[in-house]
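For reference, chains read A, B and C in written order, and residue numbers begin at 1 within each chain.
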Amino acid sequence: MSWFTKTFSSTIGRKIVMSITGLFLCSFLVVHLIGNLQLLASDGGDAFNVYSAFMGTNKVIRFMELILVLGFVFHIYDAIVLTRRNKSARPIDYAEQRPQENSTWSSRNMGLLGTVILVFLIIHLYNFFVPARFGGLDTVSIDNEVYDNLYAEVIYAFSQWWYVLIYVLSMIALAYHLIHGFQSAFQTLGLDHKKYTPFIQKFGYAFSILVCLGFAAIPLYVFFFF
Amino acid sequence: MILDSKIPEGYSLAEVWDNHKFNVKLVNPANKRKYDIIVVGTGLAGASAAATFGELGYNVKAFCFQDSPRRAHSIAAQGGINAAKNYQNDGDSVFRLFYDTIKGGDYRSREANVYRLAQVSVNIIDQCVAQGVPFARDYGGLLANRSFGGAQVSRTFYARGQTGQQLLLGAYSALNRQIAYGKVKMYPRTEMLDLVVVDGKARGIVVRNLITGKVESHSAHAVVLATGGYGNVFFLSTNAMGSNATAGWRAHKKGALFANPCFTQIHPTCIPVSGGYQSKLTLMSESLRNDGRVWVPKTVEIAQRLRKGEITVNDIPEGDRDYYLERKYPAFGNLVPRDVASRNAKLVCDEGRGVGSSGLAVYLDFADAIKRDGQPAIAAKYGNLFEMYQKITDENPYERPMRIYPAVHYTMGGLWVDYNLMTTVPGLYAAGECNFSDHGANRLGASALMQGLADGYFVLPYTIGDYLAKMPYDKVPTDHPAFVEAEQSVKDMTDRLLSIKGKRTVDDFHKELGQIMWDYCGMARNAEGLAFAKQAIRKLREEFWKDVKVTGVNEELNQTLEKAHRVADFLELGELMVTDALHREESCGGHFREEYQTPENEALRDDENFAYVAAWEFTGVNGEPKLHKEELKFENVKLTQRSYK
Amino acid sequence: MDLTLRVWRQKDRNAAGALVTYPVKGISPDMSFLEMLDVLNEDLLIRGEEPIAFDHDCREGICGMCSLFINGRAHGPEKGTTTCQLHMRHFKDGDTITIEPWRAAAFPVHKDLVVDRSAFDRIQQAGGYISVNTGGVPDANAIPIPKSVADKAFDAATCIQCGACVAACKNASAMLFVSAKVSQLALLPQGKTERKTRVENMVAQMDKEGFGACTNTGACAAECPVGISLENINMLRSEYILAKATSENL
């Protein structure tokens, strides 16, 4: 193995990959949320449809999409590798355990939370991304140009209670995932300082809650007020 | 047998070691790899010796009974390590450290050895710092020192209250480096059970693998024992549970003389025994006596009411308290040396004025210090000790005085060694607490760490070469009759222990032995008691071999069997201690014979008749050991009576 | 007080183990946990049963030999306390106490509650030292070290290598242990010469021994009997990243 693969296949190296990809995915969440907020504009979905068409065609965005996919892939791949390793590091479990005395629930259940998010991601992609990218949506005309009407698809989905429920629950899982993951990512990169770490921890907490609240608010708003 | 200390003659004290280093034979660097050295024990002395031998190029095999070499009981030393650096510019020097050590040892140690110890003490600090030992530092970034054990200069280097731990980890890291290089092969969880002597020379050991029970032989050109002291003869001591005398004792049975076995140090500030289940005693650092005041109730009557719980300690008015150390020793007060403080605690408890439920404790009171300096200042100095005390006793020492009582802590006696640290068996060396050499009849605080590392880093690496240089390269195969015989005797002893299937447990015997030793060969001894103890130990030993119960088999991890081997040896060693104490008709240091005291109850030395090292030769388990004397010559210090009035 | 113990019994490394229940009576609250086990063992011996094997030595909280997972926690319920310093007054009459060995693939059970922690020694051998031979070193005061740095190095150096961090971690990760040694030596000027190779080799050995990966749950530091801080783990990572990025080791 070369030094490079040795580094990134060590336990610390894999965590570094998860940390960097995790932080990158956090930035994606921000972009995604800003886009989603356009659903709330009272323009019958014009802004949102124009925006989604832009996201689907712009070269830079398409390139970033590829990076995003890689980010997800590496994040998930290393998570699986490490989870398997960690399981085999303790082949016989304790008969009695009191982990609540020494660590937070979210820190111990990142794999579970991640799996919930992954399932949601698949549903989410199947509902919105696949039709938007590969066709199957109705069209709508805005300023004399024809656009896919993703907006209608979203509003329809958000009008179903079970879909809203899945969405909100998934956002709660995401929030817990981020509450541990955000600050943990900085620790994994060895970024620790008496002055800045407390700020990162508070920021991470606020970030996790606000972003997930923002996402969850949209389907709830649509469901109750549209 | 004539005991030859092999101290080079014709040099002034300061020149002896340097000249000796020049005169010893050297082993050519290319030839070092042809020699094998066995080191038993991996505490400060053993780990430092094994690492240094490896660095020099010898092939080393190191053994310890713990699961890792880093667990040796050196790790528990709290206070610090002395060195004549004079960094504090307060008048310290090699000679002063030498002088203090000789005097503190009550003039029962060798001048040349002690002087060498003081000389190399400075190198030890340099070595440890280079290894990354995080000693305490001042704000300027230079090393800090404190005064310790009543010394008049600040020469003690320390790492909070964990100096032993940090020094041992330094030696352990050096050892690890040699293990990684393949120069040292480490055998943890392996206990030495016999010494192998071929043609009069130590050529190997027989060990038991504590996991599999397998008895194995290891051959070498020289054997170093660094197996610590024998304080656990008393069952209750500040030693670790596993600390034992087996390696040294079995070497003694193979011809190594045992010197001054009765010299035992009883540390005055330990947490008292709380019940019959007690397995060990915990030391509270000596530094507590800097601010704590020692007292007991003035009358037996008050003490009794206190023990019955009719009154509490804080009900006793100032006038009814007897600060007996301050009363008897106005000059030194609570800071009298360890032996004096211990003996006086015993005296007041024997009078019936002891406190605590057992009546075997005295108070160490911080009320005045807290009033004077404030609780935060006292907490800053002793916080961790107070916490430890509270953890163990469930009492808050800020609110009520600590209860303390003396406990066995260190043994100054050990295998007799010459100036080269070689025992009377050629090729067998003893280092650290295992030998008798440097502390005389009483060890000064912060000197045990110094001696262990001096022996391992700076003495043995020179002196062992002198011996090896004269040795042929050829190895003794482990199927040599001497090995086969030693293996067989170990197996026979194990079989015997397992086959008795009696009714009493090993611990039960050990506790009874400890009680005999403590009562008759502890802080105060007399001829009548010692004579009784000797018979009592013989009887107990006989009973042990008839009625001990050891379960399980040899071929497994069997902690009961391990203990049985050790206690069998303690039962023999205990008798030798009593014999030695009985023969030494004087009081000196830790050895206090009630018949020999001044009118003020102080130790009365007899330099005319007892200024010698008593080295005992083994003559059979129930035989009388044979005494050999090494006269001690004092040419550089004047013998005086210690006085702390 | 009277207690019921559920103790893991396992004959040897290859045997299957199981929890066995033992009643113990007349336990004094002033006993240490290990003294309570001594009492049980004496009882077992008298009855001709095999006593329970457990590791212990100094019984004053410094040697790191004692272990035991007590009622679901490494070294039992008291914070900052090794098993040998845990006293029975922290339990109540009638309690049931479950006692298990450290559980990790890298710490195989020798017998009952005794585990093999030699993996830790091998990690130390991979680089937990400063390469100086005896003699030929500069004077101890030749290099001043700021007190704050010396204190921090000392804090890291107080690790007793007991393995509670591994036992408490849900991943059986040894990061806290490894980081304590790496930090101590990386902080001190004497240790800087070898810092890159040291961290690379120690981490490689840690992985080789089969410990899990650190996921920053913090359980290790919370259960550490001597208070080794999580800061050390972060320092280990920055040392590792620096080493991997800049060392010339391929």
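Worth pointing out:
As a working rule, a residue touches a chain if its C-beta (ideal position, glycine included) is under 8 Å from a C-beta of that chain, and two chains touch if they have at least 3 such contacts.
All values reported here derive from a predicted model rather than from experimental measurement.
The innermost chain, defined by the distance from its C-alpha mean to the mean of all protein C-alpha atoms, is C. Two chain pairs, A-C and B-C, are weighed by contacting C-beta pairs, with B-C ahead. Centroids of chain A and chain B (each the mean of its C-alpha atoms) stand 63 Å apart.
Mean C-alpha position of chain A lies 37 Å from that of chain C.
Distance from the chain B centre to the chain C centre is 27 Å, each centre being the mean of its Cα atoms. Taken in their complex, chain C has these residues touching chain B: 11-12, 28-32, 34-35, 38-39, 42, 45-46, 48-51, 53, 55-65, 81, 85, 87, 89, 110-111, 114, 116-118, 120-121, 124-126, 128-135, 137-141, 143-147, 150-151, 153-154, 157-158, 160-161, 184-185, 188, 190-191. Per the touch definition, chain C reaches chain A in the complex via residues 6, 8, 19, 69, 71-73, 77, 98, 100, 103-106, 168, 170-173, 203-204, 206-207, 210-219, 222-223, 230-231, 233-241, 244, 249-250. Residues 2-3, 6-7, 10-16, 82, 85-86, 88-99, 101-104, 107-108, 110, 180, 184, 187-192 of chain A touch chain C in their complex.
Residues 48, 51-52, 55, 66-71, 73, 75-76, 85, 87, 123, 125-143, 159-160, 162, 165-166, 169, 172-174, 176-177, 179-180, 186, 188, 211, 238, 240-242, 274-275, 277-280, 282-283, 388, 391-394, 457-458, 461, 503, 505, 507-508, 549, 551-552, 556-557, 559-560 of chain B are the ones touching chain C in the complex.
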